[in-house]
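In the two assemblies presented below, chain A is common to both, partnered first by chain B and then by chain C.
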Partner chain A sequence: MSLGLYYYLQLTALFIMLGWNLYWVYRIGQLNNAPIAIMAIGAYLSSYAVLKWGWPFPLAFVFAIICGATFALIPALALGRAPAFSMVIATIALIFIMQTVFRNLPWFGGSIGLFGIPKIKSLLWITYGFLIFFGILIYRFDHSRLGRAADVVFEDRDVASTLGVNFYLFSVCLQVMTGFIGAVTGVLYAFTIRTVIPVYFGFPFLLAITTFIFVGGYTTMWGVIVFTPILWGIPLILPENLAVFRNFIYGALLMGTLILRSEGVIDRRFLKKLNMSVRWVVNKISIKNQKM
Partner chain B sequence: MEIFIAQLINAIALGSVYALLVTGFNLLVVVGGIFPFAYSHIVVLAMYMCWFAMKVTGNNLLAGILSGVISGIAFSFITEPIFRPLAKRQAQLGSFIVAMALALILTEIMAQKLNMGIVISFPQNLQGQEALIKFGAATITAGQIATILGSIASFLGFFYLLYRTKQGRAFRAMGQSPFSARLLGIPIVRTRIYSYIIAGLMGGISAIFLAMALGTASSSLGDNLALKVMAVAMFAGVGNLGGGLVAALILGLSEGMVLAYLPGDWSQAIAFGMIMIIVMIRPKGLFGTMV
Partner chain C sequence: MKTLKVVSIVFIIAFAGMFLCFAGGAKEEPTPAAGVEKEEVMAEYDVWVNEWVFPSSNIITGVSAYHGMLNEFGADMAIEDINTAGGISGKPVRVRWYDEGTQDSARAVAAMSSMLDMDPLLVMGPCSDVSVRAAVPLAVEEGVYSMCTLAGYPMAREFTPMTLSFVANDWDQARAAVYKWVELVPGMKKVVHFTAPQSGTWMSIAKAENSALHDHEIETVDIAVPYDTVNYGPIAVRALGENADGMIFTSHPEGIAKIIVELHKRGWTDNSKFLLSQAAPVPELWQIGEGYMDGSYVWMWFDPNSKNPRWEKLSKRHEESFGAPASFMMVWKGYDELYLIKKCFEDLKITGNPAKLKEERIAIKNYMNNCSFESIFGHVKVVDGVRQNPTLLFKIENNRLGEKLVVPLDIAM
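Take a look at the complex of A and B:
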């Protein structure tokens, strides 16, 4: 496999995971950007453990995930009941705090970061294994009683609480879960790029992930799967003089989509229509086969 | 002590500019019915226009100031139709995402097309670096005094408009309830457009003061300012016009003091750390959300 294709596949999977991360908490109407900060924690701690303490990759992986998920509990407990905007801004603030902390702590390499991270064999398999695992997890969640409860919370928090949904507990659990996924993504990202610098985990990165979700559609998990490879891939195949306008293209797409199609391209109505079309085609084929 | 006083004046000047920015931001939240993340990017674009006008006219101060203020109004006004459908749907979170996209586009334009992405530096006559008052090693510059006095004049003008004029009453009514305001015969769309114009005016003035205070501007300044403005708004309580003023001064002071007395670039972490704590203790901000 060529190096370009490897990076494309690897980063696409990681961006899908991050997209799901944001999607999952958004199911209850909260836009939680903390996974980007937790991703930085996962990336830095695992790299540090391998480079400075000489730990093997699996141990560093588990260590970083435990630290990331534990750290996710702090904003989760504090912001569980916060209004939607408070959460958006507080978690963006968290991204900047983490960036500043990693930039200013000398043992994490300051602005230069950590480099020389060793190459891990079969990282692509590990990444896609986690992608499938998280995909199944979120799919099961969406199609369970919890998913239906999330739908009610999204529509009206008060109604949900009247129906017996403990919003605070729900929010905290989802945030910790996404913290766990964020940390996994961070470790895999660090060992893919093999360099960790604070700039990676900043605001432009968050904007790119937000674009993937909101253009793809934030009411289902499928929008991220379909649109992340496309939106992330387009700038890679564009001529160099156009590829520099990647953020411009993302911005225009995001703006146009939200104004014209407020729930993104792949929303629930789209999925319903697609489902009906598939059933219609299957029916037609089976009728044809019976006649034959 | 001298250094402390110099830093204090600097911090007050910076805090005054933040306060102006937050006031414009809050006006758009309350009256415009949106969450204007891109407001600070418009201000930075106005700074670029000010720099461009001065470059073309051979550092003419008046041309620079007029260009900055007018472009602030014009850019803010142009964005109104983009947000109108979202304001109508009362989709505040949607408006925030659209504003993020707009911010991304504006940043990209500044990074790719304006001065080839190189940091712009404002002429000395705009910065006003000459010392007006000296005490020991510390000095107070003309730029700092102009910023503080200009900000105070702008606030007085704004609050006069808000509490002493018919248009101001319309703004406040819209802030309380757009539905009731419509029943009372207030033209919703026109009032929203006026709010964009007034916010643009405040943004244009802020652009000039920022050019004086910072001396330079770059495409990344928009994101930094946007986060600080949102942080201040959150700190005070989103939409709280009076609270925003106090919170902006607190942020300016804390940032100035951190820059003066702490090693490294910790000012952002301190500012955002304060926001995190406030959001945790009082999710609706220090002074609550009100008009």
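Take a look at the complex of A and C:
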């Protein structure tokens, strides 16, 4: 496999995981950017454990994930009832706080960061294993009574509470779950890039992921899966002279999508139509086979 | 609603079309540099390629895209001059640009992996700290030499001998500059240091400057200047509150200029007690700080007032394009990289033959780590992958770099 393809696949998988992080909490109407901060925690702690304490990768992995998910609980408890806008602002602030903390802690290398992280064999397989696991988890959530409860909460919190949905508990649980995914993504990112600097975990991530999710569609988990590889791959696919207009293309796509399909390209109606079309084709084929 | 949608689509398509059609502009016909005559250069050995294509990782998008534009600007001029003079070993040169984004590690890694897939003899770039740290390990593993010429001391050392840096003796230079400044402005007991914690390179320079101040038993107080500061007044007030005798600015030019303006508005008068670090003298500094900068000292590792005809041509072209003479390193980075490549390839008789790729990569690495070449400022040496620059201390006069002092590095050793 060529290096370009390897990193394309690896980074695409990580972006999909991050996209799902945003998607999952947004199911209840809260746009939570904290997973990027948790990602920094996962990346730093796992790198530190491997480099300074000499821990094996699996142990460092588990340690970083436990710490990340535990840390996710702190903002989750405070922001559990926050309205969507407050959540966005508070969690963006959390990203900056986390960057500043890591920049000012000398044992994490300050602004120079940690480097020389060892290469892990089969990282691509590990990453895709986690991607499939998280995909199944979110799919099961979406198709369970919890998913239906999330739909009601998204539409109206008060109605949801009259139906017995504890919004606060729901929100805290989802934020901790996305913290868990964020920490896993952080560890995998650190061992992919093999260095960590505070500025890695900042706005470029946020902007990219927001574009992927809002263009792809924020009402289903499939929008991120389909559009992350496309949007992330734009500069790699386009000719040299056009690839530099990446940000312009992202912006135009985002504008166009918000105007034409406010729920993103792949929304529930689209999936329903797709489902019906597939069934129609399958029926046609089976009828044809019966006649024969 | 439907009309609105149609109008929106038409608007977006029209805007996209116009942007893509006209954003590139037109390129001038190449003209040879002063002193460069067009000549037919015939290679005395068998060059395998028809054209030399060098992949370069550059900051093309994001808030620092201006830096990437300058890099491309200088490289374009070098390409014109080199091709007009017969290319490298008789073959024309081209640079293929890859976008590393602004402080975007994922994009930097994607750019580097795409470049390495070309099986290059070497790669130019990456440019920023973040990209160097993220992407150069890939090149090192593949045995490809990286001309990440802006990598400061900590990073250049980390990847030696697989990288070339034009700036990595900044520790010695920064110390020498401070030693000279303290000699010129005696009697200081306390100095406020404006730093940029976001940048590893700048922080290492700030550390060197502080160490030189401590050698003179001068107390230092660091004040961080975030890139996204809107109001610089509070930073200036805090600095004045320290009752310091002098101030060193190791931060981004816009911030430096705005802080100096704020300091003057609050009563500061003696500019000789300001020392600005090397990255400062760019058009932003002159425009924002106009009327407040004269008398300050700036230390640099190259001379923007150089009389070298190649530099004068580049600087003049820069002034025509950007409204101020060239004074920022990014503008000659790509230029000097290409001239160093030219010398290296012609001296080593590099063929570009894929069958010899491995041995030619090793030869290039060994050559570039210790060599000398004619840079845009004249003859320079590279020792152990680090370009040996002089330390120059300028005084700002009439809102431009004025009187120059050449400071020997051993002053601080």
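Basically, the second predicted complex is superposed on the first by the 287 of 292 C-alpha atoms of A that agree within 3 Å, B and C clash if a C-alpha of one lies under 4 Å from a C-alpha of the other, contacts with A are read in each partner's own complex, and residues count from 1 in each chain.
Everything below uses one rule, namely that a contact is a pair of C-beta atoms (placed from the backbone, for glycine too) under 8 Å apart; a residue touches a chain by one contact, two chains touch by 3 or more.
Quantities reported herein were computed from a predicted structural model and do not represent experimental measurements.
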item: Superposition on chain A - do chain B and chain C clash or fit; value: clash
item: Contacts of A:T210 with chain B and chain C, given as first, second, both or neither; value: first
item: Which of chain B and chain C A:S2 touches, first, second, both or neither; value: second
item: Touched partner set for A:L146, first chain B, second chain C, both or neither; value: neither
item: Which superposed partner A:I120 touches (first chain B, second chain C, both, neither); value: neither
item: First (chain B), second (chain C), both or neither touched by A:T195; value: second
item: Touching partner for A:I112 - first (chain B), second (chain C), both, neither; value: second
item: Partner chain in contact with A:L137 - chain B first, chain C second, else both or neither; value: neither
item: Which of chain B and chain C A:F245 touches, first, second, both or neither; value: both
item: First (chain B), second (chain C), both or neither touched by A:P235; value: second
item: Colliding region between chain C and chain B, picked from 26-34, 134-142 or 278-286 after the shared-chain fit; value: 134-142
item: Where chain A meets both chain C and chain B, residue numbers; value: 103-104, 204, 244-245, 247-248, 252, 255, 259
item: Chain C to chain A touching residues, read off their complex; value: 4-5, 8-9, 12, 15-16, 19-20, 23-24, 60-62, 96-97, 99, 101-107, 109-110, 113-114, 116-117, 129-130, 133-134, 137-138, 141-142, 154, 158, 197-200, 203-204
item: Residue ranges of chain B touching chain A (in the complex, touch as defined); value: 35, 82, 85-86, 89, 91-94, 96-98, 100-105, 107-109, 112, 223, 227, 230-231, 234, 238, 264-266, 268-269, 272-273, 275-276, 279-280, 283-284
item: Touching residues (chain side chain A, partner chain B) in the complex; value: 31, 75, 78-79, 81-86, 88-90, 92-94, 96-97, 100-101, 103-104, 203-204, 207, 210-211, 214, 244-245, 247-248, 250-255, 258-259, 262
item: Partner chain C, residues of chain A touching it in the complex; value: 2-4, 6-8, 11, 14-15, 103-104, 110-113, 115-116, 119, 192-195, 197-200, 202, 204-205, 208, 235-236, 240-248, 252, 255-256, 259-260
